[in-house]
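Here come two complexes built around chain A, the first alongside chain B, the second alongside chain C.
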Partner chain A sequence: MTQVGQKLVVEREQMLGLLDALRKDMDIIGPTKMPDGEVTFEHIESSKEITFDYMNDFDPLKRYLLPAKEDLFTFKLGQKLPKLEAASPKKPQLLFGVRSCDVQGFVHMDAFFSGAYQDNYYWERRNQTTIISMACNRPLDTCFCICCNGGPWLERGFDLQLTDLGGRFLVDVGSDKGVDLLGRIKGAPSTASEKEESQRQALMQACDAQMIPTAYLAKAVIQITNNRVRDELWEKMGAECFSCGGCTHVCPCCTCFDVQDCTIDETTGVRFRCWDSCQYSGFTREASSHNPRARTKERVKRRFYHKLSYAYIHQDGHPGCVGCGRCITVCQAFGLLDISAVVKRLRREGQPEPKPVAANA
Partner chain B sequence: MKVITTCPFCGCGCGVLLEVANGRVIAASPQRAHPVSRGTLCAKGWNGHQIVHHEKRLTQPLIRENCRLKPASWKKAIAFVAEGLSVIKARHGASAIGVVGSTKCTNEESYLLSKFARSVLGTNNLDTSARYYQAPTMHGLVPSLGHGATASILDLESTDAILIFGANAKQQTTRVGSFILQAKQKGVSCILVDPRELEHSQFMTLQLRPKPGTDFVLINGLIRTILEHDWQDPDAPDVSKLKAAVENFTIERVERETGVLASAVVKAAELYGNADKAMIVYGTGLTQQANGTANVQGLANLALLTGHLGKPGTGILPLMATNNMQGALDMGLMAEFLPGHQAMADDEAKSALEKAWNSTLPTKAGLTLQEMIDAAGENIHALYLVGENLAWSAPDSKRAVQQLGRLDFLVVQDLFMTETAQLAHAVLPAVSYAEKEGTYTSAERRVQRVRKAIQPLGQSLPDYEIITMLANELGATFPNRHPAEIFIELSAVVPGYEGLTYDILDAPGGRRWPLDSHNGSLPISRNQVKAMSYIEIGAYRAMNELPDDGYPFTLIVGRTGVHRVTGTLVTRSFTLDKEAPVGTVEINTDDARELKIRSGWPIKIKTRRGEVTRTVVVTRAVPAKTLFVPIHHKDGLTQALVNSALEPQSKIPEMKVCAAKLESV
Partner chain C sequence: MENIYLPELAVIDKIVEETRDTKTFTLRFADENYNSRFSFKPGQFVEASVFGVGEAPFGFCSNPNRKGSFDITVRAIGAVTNAMHRMDVGDVLGIRAPLGNSFPLEEVKGLDILFIAGGIGLPPLKSLIEPMLDRRQDFSNFTILYGARTPQDRVYKSILADWEKRNDLVFMQTVDSSHDGWIGNIGVVTTLFEKIEIDTTKTVAFTCGPPVMIRFVIQELLTLGLPEDRIISTLERYMKCGVGKCGHCAIGNKYVCVDGPVFSYRQIKKLPEK
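Here is the complex of A and B:
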């Protein structure tokens, strides 16, 4: 009887067969190759469409739990009260091959959409989502998940976690959902042997070792939490930033959204929510037109205060970053304002002047 | 599902992936494999797709009956438009009709429009809003350096010095701004020439802040300084005539007339002239002036003199501000040029075109865009306007709208009921970039694929289909073709596009024309560069309208990242519309103190042509007695203020500089 926490071994064909079998019950989303050679996670009709030759989708997987735009409800003005109609129900979906950094991003999002307010739009989707993740055997040169509890493999957050041993997977069972999935696999999965577990350990250590820990977040977290960063550095960064919003779009930990009403005609409309970016000037502009963060400098500062404050670590055990490295690629101020660069600059250029010490008091 | 396409906003030509679900475009993300954008986008690239499903997209043709625009079938609408144009042609002749194309339509559409105007309507009154921004490039850069003179954006990665003239790259062509910042980080000398302090000014090696409209003196001063110090390329073409021509542009004169310190002029000349490899990048700050063409010619002379041409890391890059301004110019949407920038007087070119199009073509150059507006109601009685919100983009816009009102027949083809469409007799609904196949040509001559992601909304149609229907209704036999086939025809007809096919263009980043480009910034060899000659320097023309007692301020207008042209698209993106909700005016700190006004206060700006109300921003970024008003539409159009006086050579309006006064609200 399979249990959560167990480690099993499944052949690649078995796993692909499972996906094809599940197709009738849920949407299957997995990594596919695009015509330009890049990979993206798409809805697939058959497991044949899946590629195992990939590192990660540049488009973050959070879009499957928090779409860039979703209708919340439609409204129609009537005789007495307006008629509200909820948006269409969410369908079950399985995300296959998700990387650990994105899974850790989901963990972060779960925390954000819970707490005092349970976001029912998020949770309706989340509860219908099954995650089969794929640990990374090697990193990209932009990866730094080891600095952020983001990988290369995780202890929790997935339903099943796969590690590619070469044509077969070591499977970590993460949840009851994962147990159910394995129950539907053709041919019983075998328990992982000590040899296979060691093989996985070796792969993960090799991946770990290849990662250049470019982001010593700890030092930056301390500086930010203690509000000890030279203002001149934020001034400089504010001038460098192009306010493109790319960082917030690609970040697995960015969840801010705007809610707007759209009038379709005299009597009908729709309320929707959409991704918003703290890097855009409209983010906190108030109805009076006062903007607490009118300057780019203030918005850039806010981003890193938010991401690197100790609050997340204290609350959730990890910073507001998973080390996926997407912001390094997406930033127009190349090499200057992605989180790994900022962490380095905080350390090197951000230290405030030491307080003068009285001599011979 | 992801569809790989090209961004429809500026001339950088970044790769965009459109996410499609249930027949709708739901998101956009950057294409990592793109050779120029490499996984980046600006705010417009990220959010621009939101216009595709805007609730007010035009979805059916409209024709005006009893003073009101009413829905009609395509059959009826096309017949109505064809009839209207035929009546005007019969009554006043073909030269009474003007055709204004779009700097945002695909090459296939611009090509068909050029063919339609010339061979079906029989008019050379043909133009686009490129006239307002880059006409001097066609008159100044191309004749001297050849068709296809532009450098590559990627040359910015291997250059040693960049001279930036009148362009706020960070705001208007973000990817170029990104490469400039990256270059600066690597130690490349960056020299910015702009009267205002820009956000990236602090990163520049040097900024020259000439008085608005005096760049002509500065550029020739730089040439003279380079010659004086012997900083020119030893292999440069013979300089004796050039030397004589710039003799009067001493650094004392430059300092006196432009306000730029002599030492700064010398420094800039040295940094650019002495560099191993250097580039020039320029924008509308330089072109929208009384000396627009002469300014660009001066840049060509500068590059020729210093040998910064014809090899990697060198060249001149005009920052075409829209996705297909370059393509529109290439396809011949100009009153005075045939496709491929061939002269109207070139008999060989003309007969080749007549053969290709199986039609005789009108011989005389036609009216340019501003001339058409000026002639409305007199020599121009009908306008066919495709993808251009002229009521908001024309200078002296109040008058422009009055002029449009004098037309007997106005046809507008667009995605939305723009302010121009509201004036029209017929409105034809066109599709967005997400609903058609085609190609765009970016500022660096990069021809790239636009790929259809969803079906056209409602009854809207691709411009190439609408133009085909209209042409055939007027007696032509344009075949109904897929854009790939239109492209095959245009590649055989338009110089520079030979050999390009959709297969070749399928690769990420398409291909820069011409196909057999030599490696480097010009599709020509160094030997060809050596055989070029300098352009004669004409007389300095002062700006048409300078400050005086009644209007004591110099008014400069310009763009922001969001509002670059009319805002027809960005105001319809629910994210971008929040980015610049009000228009501002930058007022110098000393002037503000004298006038006793503060940031955040409303103020009225008046010129001889119009008035707007804007929110004050007190700053040292603008020089004393100078106002900077970004393009905006709330509480008055910035375009209502600006001057429509034409620079005589390229017919670009002097939109950059005029005289203004301030009044309290």
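Here is the complex of A and C:
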């Protein structure tokens, strides 16, 4: 009997066969090659559509747990009392081939959407989601997950974690859901041998070694936590930022949303939520037009406070960054304001002047 | 799992025009069972929906000891509030409540109580003033200071008149300016401080109003020597979900909607943004 924590070996064909078998019970989402060669995670009809020749999706996979736009309920007016109907339950889904950084993003979202108020829409989706992740054998030149505990392979967060050993996968069993999945595989998976485990170890170490640890967070955490950053640097970064919100939209840890009503006709409508960004000037603007973060500088500062202050790290258990490097790719400000650039700049340009030493002290 | 975003329906029972731009709505949940079980604490708030327009937060302003209905006072300033002002008795709103933390009540028994309110900041404080006055003997000296732009901009004028008549509390009001025979004080609310005596060893102050007023009031109270944890205020931020998820009202790592809206100055001081 397979158990959580076990390491098994599954042939690639077995795994693809499993996906085809599961297809009738759930939506399968996996890496597929677009006509232009770009790989994105899409709904697939057959495992033939899956590609293993990919690094990662440019859009974070958070969209399958927190869609960019999601209906909350519909309302029908006109009768004595309006009629409200909550958005219907979601179909089960399997996310196949998710990279570790995105899984770590899910771990972050799981914690955030828990607490005193459990986010029912998130959890309806999450509870019906199965995650088969894919550890990374090689990094992109924008990857820095080793700086944030976001990969290249993980200890938790997945139902199954695959490591590509070439034609076959070493499988880490992460949950009971994962155990059940393996029960449906054709042909019994074999237990990973010592040789296969050390092969995986070597692959991961090679991946680690190729990664440039561009985001040395520790110093930035101390500076931001203690507000020991030259104001001139925030000022400068505020002037460089376009407030486009790209960094927050591609961040697997960013979850802020707006809530809006949309009328369909005179008596019906829908309330939905959609991604919002703390980088937009309207994010904190009140009806009175009072705006506590009216200036770009204040919003840039806010973003990095949330990502890197100890107050948040203590609360969440980890920084608000998984090292996926997407903000590096998306930032329009000439590579100046992604998180790896900012931690470097905080260290190099952000140190405040040392306090003057009192004479005769 | 409970749907934290789905409002209950509430019927408007009564509308009182307070000023040219402010109305008080008395609301009752359409579901009688829900209505009879419903309760809230002073300082908590509601998210009120006008379907098709949106949702906005409002502090409870009625006495929590009053069962069967509750009040919110609303100034017409944005899309939702203007839509509410166009509604009539019998119309239906969506309500998610009660949300947020509350004012300390039992904890301040035996102390001198000082309220400093500005404009539309009085309504949330009223949800504490009234239950305190229900058990007036539990508190020592009781003072309410209220400032508004003009005499017409004062809310709850008949209640203010009642407070003025009571001899178990000191009530003073002031306006920024007046053109029509106002014989009371003129000047910002902090000018009333010199007319009262504050025993800083046993006073707790509650203040609510425009951000700039709160700033000056807190400064003044600190100068007088009131300890930081006995200065209680409410913070105001643009808010969407009211349940700590949408991120709009975050200050530092606190969310005004769930960690507040009530904060002591000791807590406010620690926040990385003001």
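Following the convention adopted for this analysis, the second predicted complex is superposed on the first by the 355 of 361 C-alpha atoms of A that agree within 3 Å, B and C clash if a C-alpha of one lies under 4 Å from a C-alpha of the other, contacts with A are read in each partner's own complex, and residues count from 1 in each chain.
Quick note on the criterion: a contact is a pair of C-beta atoms (placed from the backbone, for glycine too) under 8 Å apart; a residue touches a chain by one contact, two chains touch by 3 or more.
Bear in mind that the values here come from a model prediction, so they are computed numbers and not experimental data.
Novice: With everything superposed onto chain A, say whether chain B and chain C fit together or clash.
Specialist: On the shared chain A, the partners fit.
Novice: Would you check which partner chain A:21 touches, where first means chain B only, second means chain C only, and both and neither mean what they say?
Specialist: After superposing on A, A:21 lies clear of both chain B and chain C.
Novice: Identify the partner contact of A:117: answer first if only chain B is touched, second if only chain C is, both if each is, neither if none is.
Specialist: In the superposition, A:117 touches chain C alone.
Novice: Between chain B (first) and chain C (second), which, if any, makes contact with A:77: first, second, both or neither?
Specialist: The answer is second: A:77 touches chain C but not chain B.
Novice: With both complexes overlaid on chain A, does A:202 touch chain B (first), chain C (second), both or neither?
Specialist: neither
Novice: Looking at A:263, would you say it contacts chain B, chain C, both, or neither? Reply first, second, both or neither.
Specialist: both
Novice: May I ask you to decide whether A:298 touches chain B, chain C, both, or neither, giving the answer as first, second, both or neither?
Specialist: In the superposition, A:298 contacts chain C only.
Novice: Quick test of understanding: once the structures are aligned on A, what is the angle at the Cα centre of chain A formed with chain B and chain C, as a multiple of 10 degrees?
Specialist: 80
Novice: So, does A:285 touch the first partner chain B, the second partner chain C, both, or neither?
Specialist: both
Novice: Considering only the touch criterion stated at the top, classify A:276 as touching first (chain B), second (chain C), both, or neither.
Specialist: Touch status of A:276: both partners.
Novice: Between chain B and chain C, report the minimum C-alpha distance in the superposition, expressed in whole angstrom.
Specialist: Least C-alpha distance after superposition: 11 Å.
Novice: Kindly list the residues of chain A that each of chain B and chain C touches, one partner per complex.
Specialist: 258, 260, 263, 276, 285
Novice: Which chain B residues qualify as touching chain A in the complex?
Specialist: The touching residues are 1-2, 4, 17, 19, 26-27, 29-33, 38-43, 45-47, 50, 55, 170, 174-175, 177-178, 181-182, 185, 199-200, 202-203, 506-508, 561, 574-575, 578-582.
Novice: Chain B touches which residues of chain A in the complex?
Specialist: 34-38, 40, 42-43, 58-59, 63, 67-69, 239-240, 242-246, 249-250, 258, 260, 262-264, 274, 276-277, 280-282, 285, 289, 296, 329-336
Novice: Write out the stretch or stretches of chain A touching chain C in their complex.
Specialist: Touching chain C from chain A are residues 72-73, 75, 77, 81-82, 84, 86, 112-113, 115-121, 123-124, 227, 255-261, 263, 269, 271, 273, 276, 278, 283-288, 290, 292-293, 298, 302, 305-306, 309, 311-312, 315.
Novice: Touching chain A in the complex: which residues of chain C?
Specialist: Residues 1-7, 9, 30, 49, 51-56, 77-79, 81, 92, 94, 211, 236-238, 240-241, 243-248, 250-253, 258, 272-273.
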